[in-house]
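Listed after this line are the structures, all set down as structure tokens.
Presented sequentially are two complexes of chain A, the first with chain B as partner and the second with chain C.
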Partner chain A sequence: MKKNYIIAGLAIFVIIVLSPFWFNMVTTPMAAPKPELLGKAATTKKCVLDKYDMRANHMSLLDTWRDSVVRSSDRKYTAANGHSFNMSLSTGENSCLGCHEDKAKFCDSCHTYASVTPYCWECHTNPKEIQ
Partner chain B sequence: MIKSRRSFLKVAGIAAIGLGAAPAINFAASNSHGTGEAVMTKDPEALLARRWGMVIDTNKLDEQIAQDIVKACNNAHNIPDFNHEVDKEKYPDTRPVNKKQEIKWIWEEHFNYAFTDKEDEFLAEKFKNLDFLVTCNHCKNAPCTQACPTQATFKREDGIVMMDYHRCIGCRFCMAACPFGSRSFNFRDPRPFIPKINPEYPTRTKGVVEKCDLCAERLARGEQPYCVEAGQGAIIVGDLEDPESEVRVLLNENYSIRRKQSLGTQPSVYYVV
Partner chain C sequence: MNQKYLIPLTTVFLLFLIAYTGVQGAGLQVFFGIVFPYLAVIAFLGGFVYKVFGWASSAVPFRIPTTCGQQKSLPWIKQNCIDNPDTPGKVFLRMLLEIFLFRSLFRNTKAAFNRNESNKLAYSWEIFLWLGALAFHYSLLVVILRHLRFFTAPVPACLTWLEYFDGIIQLGLPGIFISGIVLLAATLFLLARRIFDTKVSYISQAADYFPLFLIIAIATSGIFMRYFTKVDVIGIKTFTMGLVTFSPVIPQGVGGLFYAHIFMVSVLFIYFPLSKLMHMGGVMLSPTRNMANNTRAKRHVNPWNYDVKTHTYEEYEDHFRDKMIEAGLPVDKKE
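Here is the complex of A and B:
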């Protein structure tokens, strides 16, 4: 008699624990946004790092940049591929947003999808938003 | 198979050379494209000094110039003005302002507040009405950098006392340590009170301390600080360690005073009187 209760309980438990998987099986999960090159970045085609390296490591690159700019006042980054950049998120032509002009596409779409909320833009400004 | 010690050592030696050669060959091969290693450097135009300092010539300073200097600095560094009318549409939930929480980088101060240890009984008449410009002194022995628990404020090699807003946790030890009141705390998000945001410089966020950074971002581009530009010769910035520099020549030719020297912080801002 008890055996039936236990098995029923276990079955309910498994169903609940695996509910996210069931949920994803019945609904179509949101597709990851496709990174696209827009504006200047599409025509210039000179990357700071290799595409996959950039996707995986841009946050630590920005961390190194910040320390370099603030602490040793070295502001010019000459990448391994020979191109040089201005180590800045948003100031000047040669900064991140200077080339990747659309912040919504370049930063936000992936961050929203991955549910990460970096607080860069509480201080740094997007020149497109100011006018 | 019997191997003599001699032949074993020969083979081992050749193998060691081979092992050593592989990285060298790889390195040579990778050099074909770019330098192979990312490097971070200064702008060749950047202004450099062993110890940055400032000389404020009070003879060239008048009310109008002083105001221009403060305004140029405030506008360029996105310093909030709490008298600014907030745009209700853009920032609907802005609390009323507490004017005591003002943010200052460079501002006007009366002689007896700026130089509290110079208690001259018969102070020259001109000093009584003259507004002195005061700012961060970028002290040689900066007490704020010693108080900071996160190294958010620190002394750069070129003498600038710098803030790293990313690291500031808002403990305000530095404000307690600074004898000049040169530091301001952001009690609230400053953005609603910035009349016109300058895209060339970030704003600050709620909960960090800020102060004058001697326009480090401009020196790095080879430009003079905003106060020097707006000062019409009243403010000179240069290398205190270089006897040939303009600031040293000025200090050599004129009598100058510094704020609260007796505390031993060695301020790098001199006032020619």
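Here is the complex of A and C:
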């Protein structure tokens, strides 16, 4: 093969490998979302999991809750800190969104940043949107 | 037990432990998370470019395409365009199919003795290496592309589509990605083939097992982080975005498993240009595939040919004419 073709191909390969670097130079990367406690959550200060566990593990907890509610109609969850909660994403005062009132901040900001599209909202609705 | 796979296996275990204990015990997050990955990218690109340059400046003196079909001949004889290309366009098509579909692997055969009484040596079509290789390479590609979500913000739509199709079975939370499972299964299959098929086992060296074990360990640690032990994804994305924008930060609370994952990926990148994994670049340059078989239509002169000093018959006769005439030998020119 002609040497020029090989070098052209090699240059394209290097550009592709370095794409994460130059992509963020030509576009302005979105800043990482800063988690903050708003509304009722800011005053209540008790949650189903502790902070790191909540960030890493909330999806598994919601998954077990779903099975528990749908299959054995058990809606009561007692957290490690002794408080009990209603196993619900969006219904009532004692649910996730009952305390963390702002879905855009509590759910969407991180999900958008990490490019996660959970299918929770295909069935559930944000209580704020109904009103 | 066989040292050819025990040594690579032990090495991969050690690599994992070095990073895991280095972070959990010694708090070396900066080294394993920032310094080493940057070094790995430099070593990978430098090594890759060096290797390909070396190949590019090697002479390819002979036209040696391997062909598996009818050559271009008289107009009423049908040519096999893909397996015996005679123009650059057909070579391009052949290369494209080779690179994306591994056609030469598809033709893989195996030799075995018949299991019946005749016990004759027989050759049969063996498709599983091709299937395993195809599953492995494509799932690895998808896994690598999916990881770009950690290096772009906002994530381009093509990556979210890829994630959507990869996670289309919507099993569990976080949802299962098909590519991760296929990657692990395919590498385990390719490993099992090397270990249990005695003929393949006989020709397998440590350099064949090491990348397999390393990729298995990387895939396993990734799967563990996603589905079992769980990590703070936002913290990790802040970290990876810091790496690619040259302002690295160490995330709070992210444990040794993540750094072991990053470290093993970095080792794979450094190892890449030193090893048989360079077939990624080499496949493009294989002289038996990327040449047109047009030796009958076109004269190819070996570029290594230099002007050889020849002594023609005319010169010979000029030299010895007197002596030849004297000895009575016939000559072309009398004077």
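Just so it is clear, the second predicted complex is superposed on the first by the 116 of 131 C-alpha atoms of A that agree within 3 Å, B and C clash if a C-alpha of one lies under 4 Å from a C-alpha of the other, contacts with A are read in each partner's own complex, and residues count from 1 in each chain.
Just so it is clear, contacts are C-beta pairs under 8 Å (C-beta built on N, C-alpha and C of every residue); 3 or more make two chains touch, one makes a residue touch a chain.
Source: prediction; values computed, not measured.
After superposition on chain A, the partners chain B and chain C are seen to fit next to each other with no clash. Taking chain A as the reference chain, the count of touched residues is higher for C when chain B and chain C are set side by side.
Contact with both chain B and chain C is seen for A:Y119 once the two complexes are overlaid on the shared chain. When the two complexes are overlaid on their common chain A, residue A:S90 makes contact with chain B while staying clear of chain C.
Of the two partner chains, chain B is the only one that A:P127 touches; chain C does not reach it. Of the two partner chains, chain B is the only one touched by A:D74; chain C is not. Across the overlaid pair of complexes, the angle with its corner at the CA centre of chain A and arms to chain B and chain C is 110°, in steps of 10. Touch criterion met: A:M30 reaches chain C, while chain B stays clear of it. Using the contact criterion defined above for the overlaid structures, shared-chain residue A:V14 touches chain C, although it does not reach chain B. Judged by the touch definition given at the top, the superposed model places A:S60 against chain C, while chain B stays out of reach. Of the two partner chains placed by superposition, only chain B is touched by A:G82; chain C is not. For the pair chain B and chain C, the minimum alpha-carbon spacing after aligning on chain A is 9 Å. Shared contact residues on chain A (touching chain B in one structure, chain C in the other): 119.
Looking at the complex, you find that chain B touches chain A at residues 33-43, 46, 154, 156-158, 162, 164-166, 189, 197, 199-205, 216, 219-220.
By the touch rule above, chain A contacts chain B in their complex via residues 64-66, 68, 70-82, 87, 90-92, 119, 122-125, 127, 130. Those residues of chain A that touch chain C in the complex are listed here as 1, 3, 6-7, 9-10, 13-14, 17-21, 23-24, 27, 29-30, 32-33, 35, 52, 55-57, 59-60, 62-63, 110, 112-119. Contacts from chain C toward chain A in the complex involve residues 41, 44-45, 48-49, 52-53, 55-57, 60, 148-149, 151-155, 159-160, 163-164, 170, 172-174, 230-235, 237-238, 241, 244-245, 253, 281, 284-285, 290.
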